[in-house]
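Next, two complexes with subunit A in common: one pairs it with subunit B, the other with subunit C.
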Partner chain A sequence: MELKIVITGTAAVGKTTAIQSISDRPPVTTDQAATDGLAIVKDTTTVAFDFGEIVLPDETIVRVYGTPGQERFRHMWEIIAEGALGFIILVDASRDEPVVDLDMYLANFQKNIAESSAVVGVTRSEQNPNVMNEIYQYLENQQLIYPVMAVDPREKTDMKQLLLSLIAMLECY
Partner chain B sequence: MNRTIKLCGFSKNDELVFTSLLSLLSNKTEDHWAVISSGNAQVSVVDVDNFTDDKLITAVEPNCDRVIAYGNRRLNNGYLTLAKPLRAASILKCLADLEVTSSAHEFAEDHRAVEYAYHLRRWPPIDVMAEFPGAARICALLIKQVITAEHLSDLTGIELDKIKSFIGVGLADGFLVLKERTQTTTSMKRDKGHLQPLFAKLRLKFGAKA
Partner chain C sequence: MSDKKQIVIKKQDVESNLTRLLQSNEGIYAALLSSVDGHALAKQSSRDFSDSRLAAMTSSCLALGEKMALEAQQAGCNFVIIQNQDGFMVLRRVGDKLVISTMATKNVNLGLVLSATNVVAEELEKAIQN
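Showing the complex of A and B:
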């Protein structure tokens, strides 16, 4: 059985960067030049998936997959999510409606998350001081319990803490 | 117990509303609260929205035991907060939190075993998580259940002193709350039992020794 953790979230939220931060081997990316509106914020975008590998001391490998962010590559999401140990949902606080983005990803991966668990990493939170309150309020309204942390995907420490939180959620009722 | 409270920087209207509500709530609070207008009170409530800096709150602080920041301006100094507009429920909650955080202060000074149970309101920030190895497991249990420090120690294998230290920080920072002790059914996940060795290895890999 393949052991895998999935990182998902909107385009340019930092999924590829997050994988680079935690992967023990150079990550595989399927970036192509962005040709749509996204080209304004980044030069390339993931069109299939990214993946990196966490190698444990006994050589066990846990793969970390990043989904393509753009919804037009949605057909890939289900394939990537199948059998995942858990999910890291990255939310870009600088976007217009980060809570709507979160809602969309939670709804999309609902079945898979119900069988595993999820954590929410909020990027660029400094650009939206109310975002954490809004996300917690949303989760409370939905009666959902997930860890939410402000993170910088470039920081290995931040990504480690997200992963540790996910593992802890998986371990506990 | 009789306790005193002083309103600082309040508009006349808010002062009237606060005093009236507190009076109406007198049978619902653990202590009897009296609003005083002069001298030092045990608790000062400072309207932080009427000032562009924190001069008033820092001036008031040395003259009372606790300060409550009243308003919607965000402060990062760990003050208890009371949001506008004034509501009876929010005053009651604030006074209850006052009791809880007072307990937390006492808790830091007195490490005797206390039969309190706790619940996680929000996941702690990264720096707190990084400071306490094992924090993620403590939080995962606390976010779903109300649970005692002793039970947390049993379930996680983390030393009780470390659990109590984490709880002290959580109460002071407001991401943890004190709750009435309840029966808990929390346990490690049995249906993923075959993955426990993997989770343990991942924890070690990422530096959480506990």
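Showing the complex of A and C:
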């Protein structure tokens, strides 16, 4: 069996790092030098997609695609989302309005997520003690039931737990 | 290791080279210079199109073309060529951080478009002051 999963979220949230840490095979990245304000935060930015593969113990192959974070690459979001069975939305707690970011990505992929499922990974949560409660409250208000976890994209165990939560959600359908 | 160096190129060098590209062949109707991370920098065109959207798509397409070449164990992607029913689009990297896109009508000789794009890209590479 093969599953297609998409990781999305704002620029510099850790999507490329997450795929690099979780992939069982050398990942494909399409990073290019950042020439704008993003260069203050990171040297490169994803312009097409990141791609990694995970082989589960039952030999299920999970193909994970990471979207570019910046909105000017919206054309890639639509291409990548097609046929995806689940979405991992990474939210950067150190940004000004993490809940607004989450709302934007849920809205962008609304149609796809409605036909599949999603989980939320919160990065840099230690920099924003209230972020988890804010996200729980937001999801409750929206009547959405998605797992939410604080994660470090550099940690394979964190990302694998997030992925397995998503797969568990999919199995409920 | 990352390259944090800014690149500097004179506006008149960009404009003269894009003009030269359009004048090199009557089938070439547009040329766009953009950054590899998808920002439009300069455009010359006899047709109307969104340079910001095209610049972002150019960035994605060039990156994919270069990755596909590597996956197929082919080194050094020179051009990404998109052949359509009513024309061609040719993408070529300029130095490390820029890309030039040439758009031409369907009746053009593709070899001449590639050659003209290559000449202008090399001129722009010479004009870049690191």
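Assume the second predicted complex is superposed on the first by the 163 of 173 C-alpha atoms of A that agree within 3 Å, B and C clash if a C-alpha of one lies under 4 Å from a C-alpha of the other, contacts with A are read in each partner's own complex, and residues count from 1 in each chain.
Rule of thumb we're sticking to: a residue touches a chain if its C-beta (ideal position, glycine included) is under 8 Å from a C-beta of that chain, and two chains touch if they have at least 3 such contacts.
Fair warning: this is a prediction, and the values are worked out from it, not measured in the lab.
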Task: subunit A: partner with more touched residues, subunit B or subunit C - done: B
TODO: State whether A:58 touches subunit B only (first), subunit C only (second), both chains, or neither.
DONE: first
Task: First, second, both or neither for A:147, with subunit B first and subunit C second - done: first
Open item on the list: Touch test for A:68: subunit B only (first), subunit C only (second), both, or neither?
Closed with: second
- [ ] For A:28, select first, second, both or neither according to whether it touches subunit B, subunit C, the two together, or no partner.
- [x] second
- [ ] Based on the superposed arrangement, let me know which partner A:127 touches: subunit B (first), subunit C (second), both, or neither?
- [x] neither
- [ ] Could you tell me if A:137 is touching subunit B, subunit C, both of them or neither one (first, second, both, neither)?
- [x] neither
Task: Partner chain in contact with A:110 - subunit B first, subunit C second, else both or neither - done: neither
Task: Contact residues common to both interfaces of subunit A (with subunit B and with subunit C) - done: none
Open item on the list: Can you tell me which positions in subunit C touch subunit A when the two form their complex?
Closed with: 2-4, 35-39, 52-53, 55-57, 59-61, 63-64, 67, 71, 96-97
- [ ] Write out the stretch or stretches of subunit A touching subunit C in their complex.
- [x] 28, 30, 32-36, 38-39, 43-45, 47-48, 68, 70, 72-73, 75-76
Task: Residue ranges of subunit B touching subunit A (in the complex, touch as defined) - done: 74, 122-123, 125-126, 129-130, 136-137, 139-141, 143-144, 185-189, 192, 195-196, 198-199, 201-208
Task: Residue ranges of subunit A touching subunit B (in the complex, touch as defined) - done: 3, 54, 56-58, 60, 62, 85, 129, 132, 136, 145, 147-151, 157-158, 160-161, 163-165, 167-173
